[in-house]
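Next come two complexes, and both contain chain A; in the first it sits with chain B, in the second with chain C.
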Partner chain A sequence: MKYSSQAVAKLYFIAAIGLFVGQILFGLVMGLQYVWGDFLFPAIPFNVARMVHTNLLIVWLLFGFMGAAYYLVPEEAERELHSPFLARLLFWVFLVAGALTILGYLLVPYARLAELTMNDLLPTMGREFLEQPTITKIGIVIVALGFLYNIGMTILAGRKTVVNLVLLTGLVGLAVFFLFSFYVPDNLVLDKYFWWWVVHLWVEGVWELILGSILAFVLIKITGVDREVIEKWLYVIIAMTLITGIIGTGHHFYWIGTPEYWQWWGSVFSAMEPIPFFMMTVFAFNMVNRRRREHPNRAAMLWALGTAVMAFLGAGVWGFLHTLAPVNYYTHGTQVTAAHGHMAFYGAYVMIVLTVISYAMPIMRGQEASDRRSQVMEMWSFWLMTVSMVFITLFLTGAGVLQVWMQRYTDVPQSFMVVQQKIEIFYWLRELAGLVFLVGLVLYVISFFVKGGEPARAADTADTA
Partner chain B sequence: MRGKPLAIRAEALYLANLMIAPGLAFLLLLALYWKHRHDADPLALNHLSQTVGVSVAGGTLIVAVLAAFLLAGGMESGYTLMVVVLYFTLVHSSLIFMGVFGLIRAMAGEHYVYPLIGRLFRA
Partner chain C sequence: MSEVFTKSMARNIYYGGSMFFFLLFLALTFDTMGEVPKRDNHEALTAQVALGKKVWEENDCIGCHTLLGEGAYFAPELGNVYKRFGNSTDAIVAFIKGRPANGIPGRRSMPQFNLSDEELEAVAAFLKYASEINSANWPPNIQG
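Up next is the complex of A and B:
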């Protein structure tokens, strides 16, 4: 580690992984409720579990992004973080606010939570992914502002690299688009319309900049390829992201009461959204193929390549699958959507956070890479989680296609619940794959916390030198 | 055009055929192969024959197996559609990833043999 203040990232990474475990446990609870309707009833209703699952996901990814920024911004800027104290303070604020919010979901009925937190003063609750009480949302904004100030000052005072500037742009965008979560028009069409300005413009816009810059940073470090080469790729990737992703928002405006021209704009532009993800794949493999050094951290390289592949599959391929209006007409809001949502979130954002953790954590512990045993364990967890996520996606896609057919496509459509009953087997299989995912995650946690032994040296792990 | 640039162009057309210009890019690839089949150097010939061969074999694999599914399962079944969607998605994206590796090898000036089906063509 070049600068001691980078170490604040550790806190963020540890919290991220803790919350990740929580997210998956609630996913498993819901997966079981899909096939065993009153499992844990009335203690944890499905809608509550769903809220906890998705909110924990978002919150731990934000912890991961912030940790990544605190780690890489000082290193790129070549100076200490502007205020490590502020970073630590905001960490605790965010963690406590997040924990209270989750406890609120679990312990009081949602309507009561709305009352308790005085939602009627500025009503923002009740929308998917943005269920947080208004007061929590305000807390998020404050944390985000403090965070942006901190890394912004660091960047301003230091070396300005492309990686840092793209990352900063992405993070500012993240904060700016979050502001739309405060805007809840009464008109349901407008409500949905602007809801997507948060959700879509995050994952298919500004978060992609964050993804690209973190990937670029890790690739610079582990491949030793010239920064100039990597920066050029990064430029083209983010340009394509914004060119396709912004108007691509239209793929959510097909059937919500917005003008019909969105069916064309949305289809055409979102059909090109896989391009930046495809370029990331070529980019990552190309840089690794041209590497100038054998970095001892093989696990980090595996995560980086895995991110590129899985993001392209989940976002690119599975996104394209249902993005054209005539297809989306049938698949909208089915299990096809859930299949895509899982693989895209995992492949792009979960994996990039695990990539930077894998790279940075050993260094913050004073080693270049962790010892070989724990790397092997980490790579096992990579394969277990990734392969089981592929299976979760395949089972949900299978369920989704059948659902589309029986419920929407045939001449004699059947009702929602009748169809759900008929595709139950896929939900069992999904739950099974989810359990394997959990095994992988447990291995990951073990490899994360149980370190020790001799640090790996380049000669130990390099097999292709 | 020879060597690396030609090899890169072959791989790029192979990928374009799978992603942005199905059919058209394949015709261009065929034309490129035809034009350079005698004067290309070993690197370019390797990439040209691999991409043409795998495009043909992969395309056949997709079409033939899909036809078999449709014949076996009938058009009037959700299960047929499910198998068709899953099969197509898996084979198609595998062909894309192989193309990515091919492209990267071409960019590095290295030979490449596609997994499994590539063995039938010039190494």
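Up next is the complex of A and C:
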């Protein structure tokens, strides 16, 4: 570690991993509710489990992004973080606010939570992914402002690398688009239209800038390839992201009461959204093949390559599958959507956060890379989680295709609940794959505490390419 | 990438391209705002419907159901439930009101929300309003 203030990232990473475990447990609860309808009913209804699952996901990814920024911004800027104290303070504010919100979901009925948090004053609750009480949303904005101030000051006062500037742009964009979560018009069409300015412009816009810059940073470090080369790639990738992804928002405007020209704009531009993800894959493998050094952290390299591949599969391939309007007409809001949502979030954002943790955590704990045994276990967890996520995606896709077949693409449509029962087997298989995912995650956590084996040496990496 | 394609060229494509397409997106949004009133059934947007939307949100209905295809996939689409229930808000009210507090053994169950009569009528009115938005002929059939 070059600068002692980078160490604040450790707190953020630990919290991220802890919340990740919680997210998966609630995923498994819901997976069971899919086949055992009244499991935990009425104590934890499905919608409550779902908001816990998705909100924990978003919050831990935000912890991961912030941790990544606190780690890499000082190193890139070649100076200490502007205020490590502010970073620690905001960590606790965010953690406590997050924990209280989750407890609120679990302990009182949602309508009561709305009442307790005075949702009437500025109603923003009850929209997918944005279920947080208004007061929590305001807290998120305050934390985001403090965070942006802190890393912004660090960047302005130091060396301005492309990695830092792109990361900062992505993070500012994240905060700006979140502001649309406060706009909840009575008009359902407008409500939906601008809801996507948060959700789509996050995951297919500004978050990709964050993803790209973190990936670029880790690749610079572990491959030793000339920064000029990597920065050029980064610019091209994010250029393609925004050129295709902004108008690509139109793939959500087909059936919500917006003009039908969006079927053209959305289809054409979103069909090109896989391009930047494909370039990311080519980029990562290229840089690793041209590496100038053998970094002893083999696990980090595996995560970096895995991110590039899985993001392309989940976002690029599974996104393309249902993005053209004539296809989306049948798949819209089915298990196909859930399949894509899972692999895309995992492949792009879960994996990039685990990549930077894998790279930075050993360094913050005083080693260039973890001991060999620890790395082997971490790589096992990589394969278990990644392969089981592939299976989750395949099972949900199977469920979705049959759902479309029986309920939508037919002259004799059957009712939703009847069809759900007929495709139950896929939900059992999904739950099984989810349990394997959990095993992988437990191994991942354990890997941090495993010591010994030969200390990782540079020569060990010779066969990773 | 080759030497002819320099980093500053890449940067210019990034700045120019994203700026251009963001402005185009704003222009399309501006046009959409003009077109939406022809399709969004705003004539039906009464105070009761607005209350119904709030009831919808404050009970997180979207956490199980889809509405015009967006939301969760655990329970049926509700954008067209008014039509599926024979164009009857009464049927919607009766259904929501009739959910057993302890669920239906072994089956996916909808919670009993204990809504007041005013809230029940309002949420049904909201669903009626939603079903009359012009959604380009989606969903493909009455089953949603």
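Here is the rule we use: the second predicted complex is superposed on the first by the 452 of 465 C-alpha atoms of A that agree within 3 Å, B and C clash if a C-alpha of one lies under 4 Å from a C-alpha of the other, contacts with A are read in each partner's own complex, and residues count from 1 in each chain.
Quick note on the criterion: contacts are C-beta pairs under 8 Å (C-beta built on N, C-alpha and C of every residue); 3 or more make two chains touch, one makes a residue touch a chain.
Only a predicted model underlies this, so the values are computations on that prediction, with no experimental measurement involved.
Novice: State whether chain B and chain C clash or fit side by side on chain A once the two structures are superposed.
Specialist: fit
Novice: Rounding to a multiple of 10°, what is the angle at chain A's Cα centre between the Cα centres of chain B and chain C in the superposition?
Specialist: With chain A as the vertex, chain B and chain C sit 100 degrees apart.
Novice: Quick check for you: in the superposed arrangement, does A:260 touch first (chain B), second (chain C), both or neither?
Specialist: Second partner only.
Novice: Contact-wise, after the overlay, does A:123 reach chain B, chain C, both or neither (first, second, both, neither)?
Specialist: A:123 sits against chain C, while chain B stays out of touch.
Novice: Looking at the overlay, does A:282 come into contact with chain B only (first), chain C only (second), both, or neither?
Specialist: First partner only.
Novice: For the three-chain arrangement built by superposition, which of chain B and chain C touches the greater number of chain A residues?
Specialist: C
Novice: After the superposition on A, what does A:321 contact: first (chain B), second (chain C), both or neither?
Specialist: In the superposed model, A:321 contacts chain B only, not chain C.
Novice: Taking the superposition as given, does A:338 touch the first partner, chain B, the second, chain C, both, or neither?
Specialist: After superposing on A, A:338 lies in contact with chain C but is clear of chain B.
Novice: Per the contact definition in the header, classify A:46: touching chain B only (first), chain C only (second), both, or neither.
Specialist: It touches chain C, and chain B stays clear.
Novice: Applying the document's definition of touch, where does A:290 land relative to chain B and chain C: first, second, both, or neither?
Specialist: Only chain B is touched by A:290; chain C is not.
Novice: Looking at the overlay, what does A:186 touch: chain B (first), chain C (second), both, or neither?
Specialist: Second partner only, chain C.
Novice: Rounded to the nearest angstrom, what is the minimum C-alpha distance from chain B to chain C in the superposition?
Specialist: After superposing on chain A, chain B and chain C come no closer than 9 Å at C-alpha.
Novice: Does any part of chain A touch chain B in one structure and chain C in the other, and if so which residues?
Specialist: The answer is residues 409 of chain A.
Novice: Touching residues of chain A toward chain B in the complex: what are they?
Specialist: For chain A paired with chain B, touching residues are 274, 278, 281-282, 285-286, 289-290, 309, 313, 317-318, 321, 394, 397-398, 401-402, 404-406, 409-410.
Novice: Touching chain A in the complex: which residues of chain C?
Specialist: On the chain C side, the touching residues are 1, 5-7, 10-11, 13-14, 17-18, 21-22, 24-25, 28-29, 31-32, 35-36, 39-42, 45, 49-50, 53-54, 56-64, 66-77, 101-109, 111-113, 129-130, 133-136, 138-144.
Novice: If we count contacts the way the header does, which residues on chain B are in touch with chain A in the complex?
Specialist: Residue list for chain B touching chain A: 19, 78-79, 81-82, 85-86, 89, 92-93, 96-97, 100-101, 103-105, 107-108.
Novice: Write out the stretch or stretches of chain A touching chain C in their complex.
Specialist: 30, 33-34, 36-38, 41-42, 45-48, 50-51, 110-111, 114, 119, 123, 125-128, 131, 162, 184, 186-190, 192-193, 228-229, 231-233, 235-236, 238-239, 242-243, 246-247, 249-250, 252-260, 262-263, 265, 329-330, 332-335, 337-338, 407-409, 413-417, 420
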